[in-house]
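Next up: some structures, all given as structure tokens.
Across the two complexes that follow, chain A remains constant while its partner is chain B and subsequently chain C.
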Partner chain A sequence: MTRYLLGRIGQAVVVLAVTFTAAFLLLQVLPGDAIMIKFMSPEMGLSADQIAEIRASYGVDRPLWEQYFRTVGNFLVGNFGYSIQAGVPVSHQLAVNLPPTLLLASLGFLAAIVLTVILATLSNLAGMKWLRAALQSLPSLFISVPVFWLGIMLIQIFSFQLGLVSVISPGPVERLILPVATLAIPISAPLSQILMRNIDEVLTQPFVAVARAKGASHIWVLARHVARNALLPTLTIAGVLFGELLAGAVVTEAVYGLNGLGGLTYQAVGNHDTAVLQAIVVISALAFVTINLIVDLLYPVLDPRLGSKLGATT
Partner chain B sequence: MFVTRLLNLAAFVSMTTLAAGPAAMAQDGPVSKGGTLIYLEQQAHTNLYPPAGGFYPNGGVLNQITDKLTYQNPKTLEIEPWIAESWTINADATEYVFKIRPGVTFSDGTPLDALAVAKNFDTYGLGNKELKHPVSEVITNYKASEVIDPLTVKFTFTKPSVGFLQGTSVIGSGLVSLKTLALQDDALGDATKIIGSGPFVVASEVLGRELVLTARKDYAWGPAKLAHQGRANLDTIKYVVTPEDSVRIGALLAGQAQVIRQVQAYDEKQVLAKNFVIHAPPTRGVNNSVVFRPDNPLVADLRVRQALLHATNAKEIVATLFSAHYPQARSIIASTAQGYVDLSGKLTYDPARAAKLLDEAGWTVGPKGIRQKDGKELILSAYESPPQPQNKETLQLVAQQWGKVSVKLVVLAGDAGSRVADSLDPLKTPVAPAMVGRADPDVIRSQYYPTTRNVLLQKGGVSTRVQSFVDAKLNDLLEAIAAETDKAKRMALVADVQNYVIDQVYAIPIFEEPQAFAASPRLKGLAFEAVGRPSFYAAWLAPK
Partner chain C sequence: MSSRETGGTNLDVLEPRGRQVLRFGWATRLRHLPPGLAASWCLVLVVMLWAAAPDLFTGYSGTEGVPGEQLRAPSEEHILGTDGLGRDLYARIVYGARYSLTGAFVAVAVGFVFGTLLGLVAGARGGWLDAAIMRLVDSMLAVPSLLLSLSIIVLLGFGTINVAIAVGAVAIARFARLARSEVVRVRRSDYVEAAFGSGGTFWAVLRRHVLPNSLTSVIALAALQFGSAILAISTLGFLGYGAPPPTPEWGLLIAEGRNYLSRAWWLTAAPGVVVVLVVLAADRISKSIQRTAP
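For the complex of A and B:
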């Protein structure tokens, strides 16, 4: 098990190094750079000599390999450099934007899971055929609703019309209610689709018939026999979705005027703010790697058969 | 339908005039002090180094927290005393001496004296290589400063610099403490580090999301001729970045905010329908135009440019996309700008003449319905400029109008990097949208001169892609404007340059750009500096 863990961590380091290098090279290939966008834009009214001096002072006239190793060195000691457009250290931007994104993504993800479980359970317990059909078609609706439209509608109705929550000067909890709902609804859609299908599949297995024959109620069968078996594929998808949530909350953040990684990424991409993008890419890669590791470690907990296989290989 | 439109038009024209006039303020009863104003911005501020204050979100913050050496009266455009009590200028405008008002302090307690003023302008005029501070666009030919006594400072210039006095009044010349000037440029995006002497002080900031300013209780040095004196009426201003248009307007109408910036023309109606107020101060500079890059052979022929001028229907653009707050352009500079002359006689829409000019120039309609000459098609391209109001729609409408005379204009979006790179290449962008706000004729020089904004891409500027295009006559005129000290002669030159640019059709002016704000009827005393940035110094909130 320890060897397995060490191996996985080693893999993660390789993934991070490759991501870092690929991001660095790709950012260099793009036409223009942050310094050009800021200082060469005619609004600054600078002369060619003045711009050359600024470029030299940022070190972007140095050879590529030198810039690369300087950036690697800085990253290793935790120095992410400065955002050229925003005029603040990248570490400051991350300190301001990472925690709210983590909080929003985690809560949105939790809410999505709760919604998924409720939908899947209800659709299975619903006696009436039409109600079952209605509940099962909800995920398709959720996935088709554009996030920005959903966000604007929630704000218009709950904040501007009914006056229940403020979006401009909200309290710490108030601030999160609508954005969490906006994030949870589309995320719950693929999760519940997969969970519903898996429950249906597992229900056809012979052991379910056996459990039923022994006199177990429908709820008992669902909770004790079906749930664990139906969860595995859902968990895999959930891992991927959570990673996406971290950097993918751009629209939600823009609609609600929240600060977070999504908005930061959007700004940085627009301005080719290399230092910021480099840090975001590494953080996102780290998040994906960590989550996938957690998901892999959770499999044997849910399904002991996988645990024994794992043990056999080590 | 037509009548309702007219009525609406009349309603909001009268409304804005009411809101703008000082007479209206007097009718509003006693000024109530204190309170918090919530201001919704579309974008977060970026680097707050004062010369970067041209970006509206930056100017909106800097105008509250910094004072300027002089104050430009937004109605008369005269330069009035502020931190400088008085000044003298030598005959050829190469020496300026300012007397500083005694007793002014920065919010960190350090004095705003001759030394501080000298250090500020040394940085803005010469830049600071070590700290990466760039030179300010509004200061030209700066040589040196000299502190004559603690309250007297002298500036010298290598060549006449007539625009300097007005240059001391703009957002980009906001005075900051020596502590702020000593920081490197990369650190000035943090608003809490900007120490000014203004009526408000930065209390706290959540980067990219909100900014809280509080009034300085001991502030006693507002512009001398303003009606309001002493500290600001409001206690607190809270800036909240709200990028989504509908959320800003909804929050304003729902009472969650009192003033918002950036209201598109098509959203004005719903604001006015609820008896809220639209403020649309003019930016008084170079009008929103499309400019040509004659280095590109497609637009090198004057007849082609003339044809495109007559193929452009600015009236239709304004009527289709904008409102009464966006007057149709009648020159390359706004009708509220200094030295403006009405050239609407030369800016006529005449598609028949356009077609004739193109025929004469040898561009005939080809099989694909696009004009061609020597096997080359007349296909031009331009990048949209996102900061300008509805610029993409404007360019698309221009493209439709040019299409009627069989000329194709391709409107490009692209990322910022490609946009900046391609905009420096006349072959890739023969046409470009352009506009700049500043209330001094020097703005024309900034816009067209090769070593400044260089919108025509003359040789001698930043771009390395320009082959040969230089217009020496234009540049001589622009230099003369910068150097002419006699006001009447300077205005005559400004008239000459407007005529020259239109005669050569270097630009097709379309409309005069305002900055559009919407405000609650409770907000009184809101003022705007000469180029449309808000000033909350005299603002107050009437009780609900």
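For the complex of A and C:
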């Protein structure tokens, strides 16, 4: 077990190191000198000496390997460099922009889970066959909807047509309703696809037949016997969904004009502010790797069948 | 293709799995086509025709408006109405198909070619090369796809083709992973071992036996990625990283329609519905290909 643990952590560290190096090469080395691009323009009226001074203050006049190792060291202590456009430390920008995005993403994820459970339950309980089929095909539809378009359509329907959610000076809760819904719908799609498949699989298990034979109703079987067994494997894609969640948050923030990581990313791309982008890329990779590591390590704890080598096989 | 699939068909004889439909002629198969799948193929065909010959489908220009016909509601003259500059929306969607489809094709081609190649080499060679390639793939998957695309766009600059390449680069990791697992599966089969045993060289066995037998799932993924590429390209177009404004790219149409949301909601709704339908069709086709995979 210790060996597995160490191996798994080592793998995660390797993935992070590769991501960091690739991001460094892709965003700092290949695009050329961002400082030259900003300060070389004639309007700035800077002399060659002054530019050299600025370059030295950013440390880009040093050899590449030296820059690389200094960047590694800086990242390890939480110093992500300076945003060249805004002129403030990237860590400050992140400190301001991360909390709202985290709030939006976690609310979106929670809403997605609720929506998934409702969808999966209804698609199993609905009386009419056509209704069940319709509910089962909903996730495919959700996955095919562009997030930004969904956001605009929700504004159109709920704010402009029905007037349910105010767009002009909304309250703190009202402001988040539509963005959370926009984020939750596409995230719920892969979740419910997997949950529906798992429920179908678990329903064929012998213990379900036993429970039925003892006279349990369908709802009882679903709630008491199937839910736990079907929900657990759904957890494994939580890590994969993190990327979707973050990307969805970026687009959602752009649509609703919310402040957050999305706006920061959007500006960084527009301004070629590679230091900001590199920090965001590396941090999201760190989050992705960590979540997957936790899921992998937690899974045998939650499902004891996986921990023991001699357990019953399905 | 069929002559190379001897290994695959032999396996079929050994384990019949209710795939007898495949033995009938194409006419029978066409009649047994599920209606949803048939509709999906029709839709994709129509959109491809839009891209190939847009002037056959509409008399209006995709980029030039008619003065005095701004913001008309959908009518007989303009099926989907006109936008703020008097341009027919249906014509713009038809002309825009070219940008969205070309982009999606480039993206899928980039992902398919590089990803399959990487996965093929990793799965067939094994050892340290396999480990190195797969760690690279892992780290590509660790970065959210949108962020990865944006990083590549920062590097390459804006524009339709650059956006397509950025979207395709994201797909490389997915193709590589699938291709590798398929190759590893096929490699373990007896006929590949026999081919190596009877003196086949590495690349010859790869080309004649491993590749054809691992390709079906990869092609299904390509169909699926085609849909996701259209989604991703429209997202990047909406954010303004794709083709510049007069271009009727679908994501850009939605972005422009948004400015008239309260007065003319159909300007936003219609292009979005087209995107959803195309992506749904690609998803449906991908599933049908996946079902024929061994």
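In this text, the second predicted complex is superposed on the first by the 243 of 314 C-alpha atoms of A that agree within 3 Å, B and C clash if a C-alpha of one lies under 4 Å from a C-alpha of the other, contacts with A are read in each partner's own complex, and residues count from 1 in each chain.
Methods note: a contact is a pair of C-beta atoms (placed from the backbone, for glycine too) under 8 Å apart; a residue touches a chain by one contact, two chains touch by 3 or more.
Keep in mind that what you see is a predicted model, and the values were worked out from it rather than measured.
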Now for A:A254: first (chain B), second (chain C), both, or neither, which partner does it touch? both
Which of the two partners, first being chain B and second being chain C, lies in contact with A:G263: first, second, both, or neither? first
Applying the touch criterion given at the start, work out whether A:S83 contacts chain B, chain C, both or neither, answering first, second, both or neither. first
Now for A:P146: first (chain B), second (chain C), both, or neither, which partner does it touch? second
Just checking: does A:T274 make contact with chain B only, chain C only, both, or neither of them? Give me first, second, both or neither. second
Considering only the touch criterion stated at the top, classify A:N97 as touching first (chain B), second (chain C), both, or neither. first
For A:F24, using the defined touch cut-off, is the partner it touches chain B, chain C, both, or neither? Pick first, second, both or neither. neither
Please work out whether A:A285 is in contact with chain B alone, chain C alone, both, or neither, and reply first, second, both or neither. second
Regarding the shared-chain residue A:I155, is it in contact with chain B (first), chain C (second), both, or neither? both
Under the contact rule defined above, give the chain A residues that sit at the interface with chain B and also at the interface with chain C. 30-31, 148, 152, 155-156, 160, 254, 269-270, 272
If we count contacts the way the header does, which residues on chain A are in touch with chain C in the complex? 11, 14-16, 18-19, 22-23, 26-27, 30-31, 140-141, 143-149, 152-153, 155-156, 160, 242-244, 246-247, 250-251, 254, 265-266, 268-270, 272, 274, 277, 280-281, 284-285, 288-289
Chain A contacts chain B in the complex at 30-33, 36-37, 39-48, 50-51, 53-54, 57-58, 82-89, 92-93, 96-97, 148, 152, 155-156, 159-160, 163, 166-169, 254-259, 263-264, 267, 269-272
Residue set of chain C touching chain A in the complex reads 135-136, 138-140, 142-148, 150-155, 227, 231, 234-235, 238-241, 251, 254, 258, 261-262, 265, 268-269, 271-272, 275-276, 279-280, 283-284
Chain B residues within the chain A interface of the complex: 38, 40, 44, 46-49, 52, 54-55, 127, 129, 132, 134-135, 137, 185-190, 206-209, 238, 240-244, 246-247, 250-251, 253-254, 256-257, 415-418, 420-421, 423-424, 436, 446, 451-455, 461-462
